[in-house]
């Protein structure tokens, strides 16, 4: 059966080779600091097995016709994109933020498109390899990280221009049976408790960068892979248990220390076949694109989680019905709705690629993701505003349960007499977690940069948006141009993206 | 045939009784100051007759099966809502802004829902009357104004509490053959060159306000109707003709000086039948709602018109490719996309009312309209920013054609040598129209207030949005509530709206 | 006596040679379209003669010891800068916006510094000439325009690189008795009713641009000077007279069609003496700097004028005490206070130049002016928000006085019963002028661009602000640098500006 | 001598009674979690003893003529206010944020004004007592917390209306030799390592609240005082020592469990003498006012600290000179300058109270503090934006020094070849501390709420700002009022504040 349980997932982790480093120590995957992240991934298995969520958390494999976890599915229709977006929103409500596992589904969908296109153009056999890997992926209900961002060294230089050639992940040797890769990828959420790592390029590659045109999948505990991990922390709770305190994140700085990847897991190899080099940029873009579309599901949920806390504390503080409070809540809700709407419209305007995989509209997806990124710090501000200073000055948990101060603290926490001191305490404790923990900082940065910062979305939007037909409107109104046709706002199609990409590559060559 | 031409429309205007006042004079509808507005309405007839726009500017009447102008159509499906939104966007590109005629279609759709609901609940026959009127409306391709906003007097008092009872439009007498109404409606775009005026209430009405629960349609030149009109102006061009200079707006302060409305044109009468009073608010809301959904079509177009001018002048100024310019253009484009997406999602989540008319989602529509309203002044700022001061200091037209200064001005207007001085002149002349004319000011205010200001959308959103299920997310994460179901973001249905409205009415009664 | 009256000023205008062109016609300076601007300048004469304003609107000439109009004064102390700022704020309240005459005082102060520095470095005698001119300027209480902005042609090319060399104002011939100049200057507020035009460079000039390093003063009606003028318009009032309707603006596109400037009025001549070329940029910057400091006086006043209208209409609309209204008013007031404070602090940190003239702090002045520019469109938005749509749909004046509609309109304008319909009418008529007139558009653009757009202030600030000492703070906190001295935020001194400027020029030479 | 050393301060702390609770344990003041805060206070002693800072960090006591730490000084002039502001800015650069000790100086200055006014009006002897306490305060160079914010229970009820009367600090018994107080104060920065706690009221008190009109000073380890403390945490560093890692904050939830305050330390007692009750609000306001003025010193420093980190990481990331980066840095710098300018202007417009103490201008101070609060989250966003994701995903410290991963991490951290990996590491480690630590969250919340949130500043501003003279501007321009005098923007004077306050109290009585 293609749908595994949380327990089966955790069992797999236990069996993995130790290659996770935390603060100078090699640890295994049962380390307590990795538990909060695993709890989040666990939700993706639970819900696929929960009849209440079955309609959205499972899908039918187009390869086997079997029921699979939707996180392993290749989007076969606009509906698939819409349901994926909805799933992401709903699950993020339960995890209080990032569901983490979308990386895998986004990487797999991007690969399905690009390997197919490559094969069609170059006569290679990447798609076949990919499909085989996909069958395994769906059958085992694999949780995957996607390792995209290279460390990049000097930002003003291309990969091959760096003093140290390893500052972008590269193929150091291409052999008949596979490749040997060296380099490092950063910001690898989920990697320390994922089954697999899927590596994709981080940018366009010029002809001279063909060694860097590489994509592959590798088990996360593979020989030579080193995961140096930053777990985000919160105060540990002892008595006042709550989901928010059990959920969290760990990020990996992943080092590929001359790692051998067998041929059947290699999906792009510019070193052996430089004709594949142009596809590096296409894959980079396409993974980012799917990932940003996933953000149109998770970001609304994050706005809603923050708004829910803001609404609750406003109620507890007795200010729920004041104009300025409602106006602030409404702003957060409005942002959530607009970002979600952008993703939905993007799905409705999606087009089918040659491989059969659906690709959402780029302009809309980027407009939506950007708004979310621009608003994230403001949303934290609103929550802090409505919560008041206590979120930052709340005594620690045990003081609420100690003999000397417990009774007094509970006495002085009382607000609305109808709400128990414990509920007030719980509410502020949650907001403390959300606003003033190490994890809160990580969530803010992720809200800004995850999937690409607003700056990146602006660049992508403007690369896709053709200003000439837009200017025709002004030319017509000004009398510079006599006619105005039916303005068609550029809807991106996979084909157009590919063409533009090829054109760009052409320019780069010159 | 149900589709008329621009000429037929203009012919009808010529035949109307003189009841338009401009600056102290009674004028007929061929007054030059009304021409710019008529040119805009003309586009709605032209495009319905243009094969290039036929698929979006015409529809099939659900009553007769005949092809009609889409501006006379009652939305029978989500698709209808999507096409109406698209039509609005496209036509607004051609008119450089507000298409003006959406008022009619929005009022008719709202009436189709409310009259049907009233009949079902009260056993009245309003829907039959409405349908008869609709047949006429579709057959004659009627251009209608919707008169909603009352002058309102003291804002802190309800209609019946005003010192002068006429400060909201009211039924002064209800007779067997019709009603006599008195009062005034303001902000009546299109009224001075519309065929018909459709009056609807501006707010909820309490039991004591039943005289004010009134809706009807009346020919715009009906006995007793006085249209006191403010035409927006621009410098008249003499040689440098261009569409932007021919398009414009005139607003009516419409006085109903004891006007008799025959029974077949009365769609609500709280005076005769106080049971109808609660439906006043429902109709007020529903017209506003359809109108805001129309704004998700026109507002993106307005952003695009401003962005098109900004992109063109940036090109002419030679700064088109600088980062800050692209970032600003991208912001405008992003706003357009997000507002449009909100309208699209709203259509996709629309529900069918009992009458068969589709109603878009309220939360999404309001979130979209609000963003547009919040951004409008900023968009003017961006255009002014990229155009530079010349938009405000450009010599007048004839100086460019005079012997003494023409040659010199053209010499000094030259920028990029590839672009003619005339085109530069045309570009800045258009931007002058857009930024520093009386009309520009009207467009800014309309962009903020038209269909309801952001303040109103916030109130509407929060009236519809149920915070309790939202708070459950926080309660679950904080451990206050043990379970979290599948969060369903409140999708408004006509039925829910009606229920809430009735409930509200119930509360008002107490 | 050095203080003239409004009448004397107007008399002078009458005597001037006809060289003003409006819409293809040569007109004299009594043209009605120039009256609104003259009314504004008139205030600067009235107040200097008004005992109530004497302490701020007059000063003591450092040359003659006589009492002069402060608009002719060279700042001899920080106090002078503070009083000038205060004068600007107060007079702008009376003119409903831009006082227009600051251009002259700003140009004169800049010239006083730069001519002195030039003489000191180059042994020239510009300061003597300037002083002689200044004596005349003070004695006659001269109203001057400063013509700075060139038409600039292709923005990507320097003056000498343009296809047409005249696209920056240049010296076409330098003779013993003076120079002949050709070119055009734009955005010349006040020029059509100023006594004199003072021309200064618009940017840095490189060695190859020495023909463009030119500064001089010329009577506004001088042979060869052509003023092509765009007067901003509003509906003319017939009965409802009010100051706002009598005040306005006219902008000149000023063409220098081979104009001879006698030597005693030439303050910079790079053609004859290329050593003067570097001072072109210094003068450009310094005029802009004084002008921006003036904006820290006028912009707060403009915010206050808009806030005053917003507060009044909020009162008339009965919403004055709602939270959101007070919050919006408070935002406008806060902006005014912050911009004014920036100017005050800038004056307190001013330094004395070698000539004795005081120069305010650059960072603070630019930070203040920038905030004003960033906020201007938002302030119009707030006023529109609180006024409601009526500002854009108000019937024209005569309809309020006509027999057929006057009584009805006044009936329906009634709001708070304690406020007369006429006052309500006056209030909305004023807001119509402020929001939806041609002049309103000009004021918006001027609010953004006048004295340099926010973009320009950012560039200036960052050119002056040394990031290295700032980074030392981070280096200290990070442990990269062991010590942290007393951080001195770069206070600009005239000397530093000059040094930096020379250094910049050095780089340009390479 | 009145200036103590860091060592003397720390010695005093060691001798204090144990009454600090952290996470359920009673700890003494040498607890490691209190060290970071003490390191900050230490800077205030170091700098007063450092010849480089002597001119700003010391003052001359107006009581004794001796040199004292400026943190113990009562402002005798505008200059004193300006130097205090400067001191705050400079010291906050060294502490990477909040200097914490301003609470004491602000409370003392407020008390100096209010006790004097009370005595004058009521014939009491509070000022004498205060002066005696002040002598001790200056002689011993006391570090004091000011405990203002009550827990407040049900926000919709006044103190005496609460179900539990202790939810505001109150006098439970007034005796000849002193008072007994009960209640709790929150957000008490510095309290766990302060010598003294000064308690002041949190709001206006009505007649029925006279038991709550209380102010006093008490040693922080006094019998009955319980400090329940939340120390903010960061990852502890082992090798990469840096100031930022040694500095921090601890907040106290301070419980007064029936504490006896001897008479000579009581500065207000509404229970014994209800005539003092009105002064509770005056003291609440005045402490807040001085504290907000201090924020015009610290907030610019915080903006600069964040900007310094942003500038440094931009340099290390090689993007320092891109337009958008400079524009973002410029925005932060501009905010710092504007807030500082508001404080300076406020000092220049300060007025002398009857006691001789200077009080800065309220409108300006609030406008400045508000801008800082509105911008704080945005400033974190900019830093996160320029730093990139690595701030949130940086491996932990020991991994950089371990054998297995140290070399590899340093290899892959390399960016600009001229900058060592260690410096890059140091830079990102600092930014991690600043952005994604528990302490970072506390700093954000403090930046928003400390001294009062923007909401509070808006309320204060509008309570002081008289809209009527402002409206006169509009009335004059509209022709509603014939004359316009010299508009004087309301400059608050202590006397006016007091009068307004008394008037307010008068209203409350009714």
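We call the chains A, B, C and D, going by the order they appear; numbering starts again at 1 in every chain.
Here is the rule we go by: contacts are C-beta pairs under 8 Å (C-beta built on N, C-alpha and C of every residue); 3 or more make two chains touch, one makes a residue touch a chain.
All figures in this text were calculated on a predicted structure; none of them were measured in a lab.
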More contacts between chains, A-B or A-D: A-D
Whole-Å gap between the CA centroids of subunit A and subunit C: 51
Whole-Å gap separating subunit A and subunit B, where each centre is the average of the chain's CA atoms: 40
Residues of subunit B touching at least two other chains: 324, 327
Chain contact topology (line, ring, star, complete or other): complete
Residues of subunit D that touch subunit B when the two form their complex: 322-324, 327
Interfacial residue positions of subunit B with respect to subunit A in the complex: 52-53, 90, 93-94, 96, 240-244, 304-305, 307-309, 311-312, 315, 320, 326-327, 329-330, 333-334, 337-338, 340-342, 344-346, 348, 363-364, 366-368, 370-371, 423, 426-427, 429-430, 458, 461-462, 465, 467, 470-480, 484-487, 489
Complex contact set, residues of subunit C against subunit B: 21-26, 149, 151-156, 163-164, 166-167, 183-184, 186-188, 226, 228-230, 232, 235, 251-253, 255, 257, 317-319, 324, 376-378, 380-381, 384-385, 388-399, 401-402, 404-405, 408-409, 411-417, 435-438, 440-442, 444-446, 448-450, 453-455
